[in-house]
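One chain, subunit A, links the two complexes that follow: it is found with subunit B in the first and with subunit C in the second.
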Partner chain A sequence: MTINFENKKQQNSEASVESSRRNFIVGSAAVAGIAIAPSVVLYQTAHADSLQNVSAKEGASSKVRWGMLVDTTKDVDWNKCVEACNKEQGLGNEEESRDDQRTQYIRVVDVKNKGTGYSMSLPVMCQHCEQPPCVDVCPTGASMKRPDGIVLVDRHRCIGCRYCMMACPYKARSFVHEVLHDQKEVTPRGKGCVESCNMCVGRIDKGQEPACVEASSGAIVFGDLNDPDSAISKLLKEHGGKQIRADLKLNPAIHYQGI
Partner chain B sequence: MWLQRNFDFSLNSFFNKKIRKINLQKLPLTVAGLALVASFSSTVFANEVEQDELGPKITFPDFEGEKCILPEEEMRRQHPDLLKHDRIKTLREGVRAKADGSKLDGSLKQCINCHATKDDSGKYVRIDNEQHFCVSCHQYAAVSIDCFQCHRDIPEGSGDFHALSNHKNLDYKAVIPGTYSLTVKDMANITPEVHSDDN
Partner chain C sequence: MKKLHFLEVEGNTKGFYTFLGLFGLISLIGILSAYYMEHHGHWVTGMSNQVVWGTPHVFAIFLIVAASGALNVASISSVFAKTAYKPLARLSGMLAMALLAGGLVVLLLDLGRPDRLIVAMTKFNFTSIFTWNIILYSGFMGIVGIYLWTMMDRPYNSLTKKAGMVAFIWRLILTTGTGSIFGFLISREAYDSALLAPMFIIMSFSFGLAFFMLVLMGSFKYTQRELGDYTVNRLKNLLGVFVAAVLYFVVIYHLTNLYSADHRGISAFVLAGGGIYTFLFWVVQIVLGSLLPLFLLYGPTGKNRTMIGLASALIILGGLAQLYIIIVGGQAYPMQMFPGMEVSSSFYDGMVASYAPSLPEILLGLGGFGVTLLLVTMAVAALKFLPASLADAVADPHGK
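Coming up: the complex of A and B.
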């Protein structure tokens, strides 16, 4: 519930100047409707058939905020998502690193309630926080947030200090310990750099969904959290969702149901 | 001509000084110095070499009618700037195309896709081979730049790389003897050596 509240608050403040006059006429009940109007006009046509909200010429837009909603109640083998991720990003080609050193963009976390014996598993990737601690601590500006909310590592600037790994409360980042070969074109990665889930940024810029979403058989919904008409926003509005460690107030873009 | 005259003048004064100070012990040194001066002056007089002929001759693959974004002379100088400029745009800002919708100039992926060279057996050469397009010049110019520690050095889908695996069930000791590191499980199976120093 905190999520919806925060989103509304944000939208209100963005459009408060425009809406003030109409507020007076229509009354406070219509505030939310008016506040979201600009983004609807901009994105409704694009969102109808594809996810091509991003213009390749103009780059990532701050009007969009990409997010995911993971339904953990669905009976899905999350390892399929991990496999799809590894294939898309070319992960898993470390030969000499230990298991705990190898890069993971998605971790499958098993949780068990000792009292009731109820157990479940959920995929945990970079949560693409609105206030990312990894970006705060990065000494070189390599850890960065794109205007559309995707948190990335700019490997051109990364010096491998691993401060971001310490700062991340989700343990989302990995460090490459050895010389790599045969990287994928879409994800250049190499020794001495920190890396994490990039929400398949190359695919998003092409108007496609991230690889794990495609492999999840509907258990992960991807979309624009700023667009109230997107599938993810509607689901969140209707059924709600939880963020992991919401108490840290980082406002992650990854929401979960059933946790 | 001005340069030449000026140079001749300085050369003469150099000779005069040398001749005045000459002695038998330093004769070999003087001869070597003269040889050096002679070789230097010959390069000055032969300074008619075209800029294009400096550096190694690069073999270009067949572009099938497509042209590079700039002429070769300009690419030689400007390719680092093009790449650096556009990498900031692409990665940090998410810009994937020019204002007119065409491809960005600086794309290492595109460089590789066009310029990747093949060896005699028809396979793409990797970055550790001096026939690799980038290496063929960078080695001559003593440029050691680490683009390909992260970036892919040959076109994708060429089949010249091994299939991706997660190496989960791989016995590293058998694959690369001597270069593996011990896992926690390995450590658990190792019985500690008992030192019998106390005896």
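Coming up: the complex of A and C.
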């Protein structure tokens, strides 16, 4: 009896060892599955994405240089461009900031010649320079220029030193002074980071025009400055255009007529 | 010349703990102010999209500039072999490190994202002066640390001259880097000048030595050590020369600006019609921070310790005013996007930007001084930085 009992105990313990071994194997398989599954899903997603959206996968190309030509002689309410920009990028949702602390990607500047009395208005945004001082001075490389000439801030890399704001000759950049809520998916904005016009890069990558261009009733022409057959290149060739502070030789991508 | 002895400050005294507590409290208030600003965001400060660098930068850059200047005393001893300065070399090196630490704390805590310091330490962009400065500042700490070691560890004394030479060259490059933060900015009239780099070097000589004088006289007074006229007079005469040299650079800076039409605006703004900036220039920087100290140092009060201390404090005050004018005034003055035109916009184009420092900004800046002095207090108690005596008989190489 005792032996039997002991045998039973042994059998039981063997069974429990067996069971725990089985549990271990099943558990390991489950853990491995959990660990691998997301990678598989990610791979499949990436693979599907690469098949479906080839252009996005290729990334920005240095063969193009996106630019704008602003015709300031046209009778346009430039504030519509500002409104379109704010709507597209989800700006103007600051609750605590003073007026001089609020973000503006694009603004309407009134210019008057003191001597002649001639006055005009023009929209000014990031000029997407070929030689951007903001990119030169950024200590971490958060300020960057895409191969297609669009100047951007990597919000994950920006440490909020504001040196780029000191360096920009166009005052095109803003600093986020407070915690923001309800941000647009296309434009993540964070307290303590610098931001500026990104030429609606998300729209461009989808083959659309920037929001301000769309709202300008044809007064802003958007296109590829590198392509001699693009509308913008033809207009610039025919009528010319000026850059703000061209003397600094930064070669901005934003050109103006009538300034 | 009698044999020189160095001695730690007795740490277990009421006076020591009083200073430790005082400087610790100033540091703590500074850090809490930074936390307040970071927690809420910069909207609680006077800074804006027009004046992006405010009072914390004024203090931070003052401390960083003073750091390299504080090292001068050691350099004169090791590099230029002036034995009169040898007893002061250890304090000079240590103070330089403490000032730099204080300045960097303020600079770091005023970042929009100080939590991303690791990004700044690992992702470099070598066209940025800031990136170079991160390397220059870290290098300064290491090099001056080694320099101090060679001074304080007898077997390595023979290396002091070499280490001192490296530290001296490094500090010149470092201050050039600090001045170049501004000098390389083409977009703003106040900064677009190659003069800023050498001007920052001479400013560092003046501010650093003024701070050194106060720490030297203060520490000797409160530890009842003798400080003879020989040492003090040499230092205060040198300090006067530096103050005059800064004045010279200020004159040349404004003269060159006034000479060229496209830079005339900013100097006219600072010299006349700039409101607070004009007041700070003439009253605080020039009269209180330069002319009065020169009078106190070289005039009939030149041997009075209190007056020498007052002159040093005024030089520091004038230096802060000078940096406030350069940093804040330079941003407040409107950027010339359309030169010669009248400009206006919702983004404050064409107008003088308003800026008033908020209390947390000032407290963070003062916290930088607190951190520096806290480190100095701990250092003089931990290691032999201060000579037991600098009586004339000890300090004067030609004395009996």
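The rule is short, and it goes like this: the second predicted complex is superposed on the first by the 205 of 259 C-alpha atoms of A that agree within 3 Å, B and C clash if a C-alpha of one lies under 4 Å from a C-alpha of the other, contacts with A are read in each partner's own complex, and residues count from 1 in each chain.
Here is the rule we go by: a contact is a pair of C-beta atoms (placed from the backbone, for glycine too) under 8 Å apart; a residue touches a chain by one contact, two chains touch by 3 or more.
Not measured: the values here are computed from a predicted model.
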{"item": "Three-chain arrangement built on subunit A, subunit B and subunit C clash or fit", "value": "fit"}
{"item": "Contacts of A:Arg162 with subunit B and subunit C, given as first, second, both or neither", "value": "second"}
{"item": "First, second, both or neither for A:Ser233, with subunit B first and subunit C second", "value": "neither"}
{"item": "Touching partner for A:Asp182 - first (subunit B), second (subunit C), both, neither", "value": "first"}
{"item": "Touched partner set for A:Gly59, first subunit B, second subunit C, both or neither", "value": "first"}
{"item": "Which of subunit B and subunit C A:Cys193 touches, first, second, both or neither", "value": "both"}
{"item": "Partner chain in contact with A:Gln257 - subunit B first, subunit C second, else both or neither", "value": "neither"}
{"item": "Partner chain(s) touched by A:Leu248 [first = subunit B, second = subunit C, both, neither]", "value": "second"}
{"item": "Contacts of A:Pro147 with subunit B and subunit C, given as first, second, both or neither", "value": "first"}
{"item": "Subunit B versus subunit C as contact partner of A:Glu96, first or second or both or neither", "value": "both"}
{"item": "Lowest C-alpha to C-alpha distance for subunit C against subunit B (Å)", "value": "7"}
{"item": "Shared subunit A contacts, counted only where both subunit B and subunit C touch the same residue", "value": "94, 96-98, 102, 179, 191-193"}
{"item": "Subunit A to subunit C touching residues, read off their complex", "value": "94, 96-98, 100-104, 107-114, 124, 133, 135-141, 157-163, 165-171, 173-179, 191-194, 244-245, 248, 259"}
{"item": "Touch list for subunit C against partner subunit A, complex", "value": "38, 40-43, 47-50, 52-53, 111-114, 116-117, 119-120, 123-125, 127-131, 134, 181, 184-188, 191, 331, 335, 337-338, 340-349, 353-354"}
{"item": "Subunit A-touching residues of subunit B, taken from the complex the two chains share", "value": "87, 89, 91-99, 101, 109, 126, 149-152, 156, 161-162, 164-167, 172, 175-176, 179-181, 183-184"}
{"item": "In the complex, subunit A residues that touch subunit B", "value": "54, 56-60, 83, 86-87, 90-99, 102, 144, 146-148, 152, 154-156, 179-185, 188-193, 201, 205"}
